[in-house]
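First up is the structure itself, then whatever we jot down about it.
Per-chain numbering from 1; labels A, B, C and D assigned in written order.
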Amino acid sequence: MTAPIKPINLFEYETLAAKHLSQMALDYYASGAWDEITLRDNRAAFERYKLCPRMLVDVSRRDLSTTILGQSLQMPILIAPMAFQCLAHPEGEIATAKAAAKLGTVMVLSTLATKSLEEVALASKQTEQEASSIENRFWFQLYVHRDRGLTKALVERADEAGYRALCLTVDAPVLGRRERDRRNQFALPAGMELANLVTLTDLEIPYNPGESGLFTYFLEQLNPALTWKDLDWLQSISHLPLVVKGILRGDDAVRAVEHGARAVIVSNHGGRQLDGARASIDALSEVVASVGDKAEILVDGGIRRGTDILKALALGAKAVLLGRPVLWGLAVGGEAGVGHVLELLQDELDIAMALSGCAKLQDVDPSLVVRL
Amino acid sequence: MTAPIKPINLFEYETLAAKHLSQMALDYYASGAWDEITLRDNRAAFERYKLCPRMLVDVSRRDLSTTILGQSLQMPILIAPMAFQCLAHPEGEIATAKAAAKLGTVMVLSTLATKSLEEVALASKQTEQEASSIENRFWFQLYVHRDRGLTKALVERADEAGYRALCLTVDAPVLGRRERDRRNQFALPAGMELANLVTLTDLEIPYNPGESGLFTYFLEQLNPALTWKDLDWLQSISHLPLVVKGILRGDDAVRAVEHGARAVIVSNHGGRQLDGARASIDALSEVVASVGDKAEILVDGGIRRGTDILKALALGAKAVLLGRPVLWGLAVGGEAGVGHVLELLQDELDIAMALSGCAKLQDVDPSLVVRL
Amino acid sequence: MTAPIKPINLFEYETLAAKHLSQMALDYYASGAWDEITLRDNRAAFERYKLCPRMLVDVSRRDLSTTILGQSLQMPILIAPMAFQCLAHPEGEIATAKAAAKLGTVMVLSTLATKSLEEVALASKQTEQEASSIENRFWFQLYVHRDRGLTKALVERADEAGYRALCLTVDAPVLGRRERDRRNQFALPAGMELANLVTLTDLEIPYNPGESGLFTYFLEQLNPALTWKDLDWLQSISHLPLVVKGILRGDDAVRAVEHGARAVIVSNHGGRQLDGARASIDALSEVVASVGDKAEILVDGGIRRGTDILKALALGAKAVLLGRPVLWGLAVGGEAGVGHVLELLQDELDIAMALSGCAKLQDVDPSLVVRL
Amino acid sequence: MTAPIKPINLFEYETLAAKHLSQMALDYYASGAWDEITLRDNRAAFERYKLCPRMLVDVSRRDLSTTILGQSLQMPILIAPMAFQCLAHPEGEIATAKAAAKLGTVMVLSTLATKSLEEVALASKQTEQEASSIENRFWFQLYVHRDRGLTKALVERADEAGYRALCLTVDAPVLGRRERDRRNQFALPAGMELANLVTLTDLEIPYNPGESGLFTYFLEQLNPALTWKDLDWLQSISHLPLVVKGILRGDDAVRAVEHGARAVIVSNHGGRQLDGARASIDALSEVVASVGDKAEILVDGGIRRGTDILKALALGAKAVLLGRPVLWGLAVGGEAGVGHVLELLQDELDIAMALSGCAKLQDVDPSLVVRL
């Protein structure tokens, strides 16, 4: 009993993580845009959906595995792209990648990583080899910069390093106003850098008095003129399957598919971009109904419990992406922490499925949820 | 005024009971699964239904009696199956059984009782004889173990001891994650045992560091492969009428009836299994509409006031089952406490019916409730 | 500024009144049945209705007068029947009657008054004479006792004393369980009596240990066998117009009219009878739609602001009855307090009508409210 | 970091302003009528509408300019008419006018200004000349007094001074009951006067013990008999385009248009008139649907964030009016404070539009909002 007790759910990781993070990092991870209404609503929305479990189904053998973009995953839980993971732990994105690889799921590496995509790919592959499960379960998240050459170089490097999909973030023509970051004048600590970009240019997160440095970076570097046609350009420079992240409308999802997207991630960027946007789980049904089986639909935003995932699957998502809780695990215990966070959620989903009469993911159907 | 004042409602029993229970027992009784959303919603849901009382009906003589499975009951309030009642009081299930027998209602004895089913049956029959009301108002709740022989032996013993129904719990292929129990590493105190099972095997609730012993017990002993077909097997080994407990969907209720269930209990296991499941009162109408008069529908979950029962009856339930409040009464005053809890609720229902223009249970109709 | 500031709204009267009342009286006035859900919902329900005011109507001359049962009233605000007003002020019902008479509205005297109906009628008439407005604006509220002779005697005395209507309370076959009264073992203080009954019988509110004396009184004395047919009996012994108080369903309102009621009061008895009953304002529309113009519809329950009255009128009520706030005024300032409470509410209604484009009560139409 | 930090949102201005204002002024600005339900609901209502942003639209060049009544505005944010601005800052309405002129938007000057309409017009024109943007972006808000001559004189002076529209407030036949003002016995401090009226008459805000002086002023001076026909009279004495402010119903909006209104402002007067009135954003859709393109629809009430404006535009408003936040800016920093408040909101709207796929106001369509 005197040995440290491991957290038993993600909320305990959240509490613990706060003790491992600087105020600036904690605020950066925790905050949403403006009044953080969408941030809160992402959680609250899940309570609006109630489960109607099915009984007396043989659930003695459960299987949580799935395939996304043709890749096999051990669970329908991917790791969402998140910037600056070295703020949470010295090994940053490498630790996260190893945990994902060990547990057989996909990590989506951010353009704004603090470890280079080559390092991360290498760590992931080595871990997979140890587990004899060679799948290259890592995708590259792309922010399209004003500098097309830089963007193209990133895409080519990702392809070369073995990334299996390009995950284009489309909800950030400018950065959302995160007021905590603005008050903190968010900037990267000394020694931390944009590891994917330093070798290409001298880009860095600027220090801008009275402003979030990241906000300024987006304003100066990212391309707010991006349109659906640019998806064609992307596909002309890379054969990697395209995933479009940040969709909250059925018609946009249809457009994504028409322009070649193989998967769509229903997301409001964790409440960090447009405050007041609908909760992602509230947008999911519309997207699923619009797209049908023409693309795979994923969703993120507010996932904290296995039952949240079960609701998302019942509403038509193929899988979910996990964001902040991964950072909490990373802050608390590095690779092991991330792994434990994933295991906790996997275990919760496993039990939730058993209690709902679902032995495998295909058994999860829309009748399992009602809106209150 | 210096004499101790008796509680005047069930909430006062809840407060008092907390002083009579160990933290482990209190937590075990009080807790729900994961975030305890369903636990709370079971209560909150009742406030979503409003009563539309009927006036100027002759309610001078009220009759709360009913029949369930052909047995006469003095009130439409049964005692739900609950494990380990010796945690609340040394006489445990025997005290509960006597109180039920004295007040003319059914007690459902748990497979996981801390008094043997034979002892409980005997106590119940003796009490009934004293009251000259010989009905054997006791049912046996069944958890189907992986060991079919053990399960069969339990059923045969229950039949032999005079139990009048088998109440099959179908919502527990695994145990719900009750985090308080996990933190407490729930286990039975020394001297307390699985009274129905010790004579058959050496089964006990294991001590499992960092885990609830009961969770482990379920994982190891109970059969997660149970399906509707097993209802046929049960009926082949016992002529006792079958009650299926733990249904939250209309289609499952229909399946239960098709496989021989004579009664269905709409229940989410007091919020202790699948957190996020709909409140049982919210599922009731769908079940009633699906089953019609092909089986008797009961409901449990969150019953604390006579008006809760009136709402359940108006929505189509034949009776309700009372859970935690029975344990509060047991903890506070043993048999007398359980009896008083039942009397309080009976009295409340009696007054609520008078105020609604219902002289007998058959007068309670759907027009008495509206959803807000 | 050192002079005492008069309250400017009814809530300030509520706060002040608490200082003038014994705990037993305060609890008796304030409490609702059981969990006081309906008590709170009576207030909360008003916020579910929003006003849609009409602009640019000539509201320079406003007229709040109306007629109820053919009697002219200066405002659509009657004083609800309330027992034991001497608990609030030594002059009790006499003070209330004078205030009502002075302001030109109807007081409904309770059977359980602490001043006799003859005294109250006299005080009312004298006040009306001083104001040269002879209308006998007082009604008698009737509880039908088991003793029919006593009931008949009451009705005959009321008729003789000049009461202009019989207001039959139909929602109290038994008394609602008001737990504060039960804990206080509610009884009348020495020197206070059932002034309408002492001359007929030796009836009094009994002291009953562990119980509310009023609850016991109802159990022993009132007739729980009353049905719609008894309205015929009442009309056979009195020519007074009949008002039925305590209706929450359209079909009951229709029955009341079919049995001769000239007016129906939509009411849940201030949340004091069946807890969980719908808010009276929520039941109003159904009653209005069912009855049409065959009877006058009044409503009580939770009226605290002029805008509450405006909403009730818009939903189809001809007038409202005011309960607890009258007692607050009475406790704070006797007749003057009651008068001021009425004036405050009259003034608020006057302003609310002006701001809604209503110069007279007939201008208030259903389009003024929407349900949120 | 030791330099004073500028507020980064309007709520910070609210907090700061409290330190610059007397209690009487603070209460006067902050308060709503009666229970302040509508005041709160104006804010809460915005959360009932959720945004559905559109992605991958070229938003590299954003344009927030619009035209209202044919005048060009740099942003769809006008300054609502508000009385007594010298309570917030010695330069009062002049400071506000300069800020509006500098930022290229319209200020609506109140009849009850503490600076004369001629002074304000002059200040506005001078500021516009410095910015080489000569538009006379100032309107005159009119309260029609009982004294028609005075009213006519005001209108003629406004016309002569260059005001470009008459904004007729129609929701104040009497003043709403603002209880804080009543308790404060609201009156203007010595040295402050009704600058538009002193030259015409000896009108002033009276001191009335136990009452708000402004309430008394309205009762004595304003015309509660105003009807739609008076719009014809107004148009007969002035060629200025007519704006009707204070509409909450579709039929009233239609009447306004039929009587010549060129624009309609959906408003509940900031919750200061009829408490319980619907939130202005909740009334907007009905007005838009009724009027179509026959008039320009504006809305005020509870605007605090750029996303509030985006929602209003999506629901069909051409622009919004900003009230209390302007006073907060004025109290904190005079002209500069007002300007910064406008800039903050303009910046927020700009970002919200970028994040919603709207490069210009015409891109904002109804599909951007859903009601939760």
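Simple rule for what comes next: contacts are C-beta pairs under 8 Å (C-beta built on N, C-alpha and C of every residue); 3 or more make two chains touch, one makes a residue touch a chain.
In this text the structure is predicted, and so the values were computed from the model without any measurement.
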Legend entry - Given chain C and chain D, the chains that contact each of them: none
Inset, instruction - Compare the CA centroid of chain D with every other chain's and tell me the farthest one. - result: B
Inset, instruction - Could you check if the interface between copies chain B and chain C is built from the same residues on both sides, meaning over half shared, or from different ones? - result: different
Inset, instruction - Give, as an integer number of Å, the spacing between the C-alpha centres of chain C and chain A. - result: 61
Legend entry - Between chain A and chain D, centroid-to-centroid distance (C-alpha), Å: 43
Legend entry - chain C residues touching chain D - in the complex, by the definition given at the top: 5-6, 8-9, 46-47, 49-60, 305, 307, 310-311, 348, 351-352, 354-356, 367, 370, 372
Inset, instruction - Could you pull out which chain B residues touch chain A in their complex? - result: 34-35, 37, 41, 170-171, 173-174, 176-177, 179, 182-183, 210, 223-228, 230-231, 246-249, 251-252, 255, 273-279, 282-283
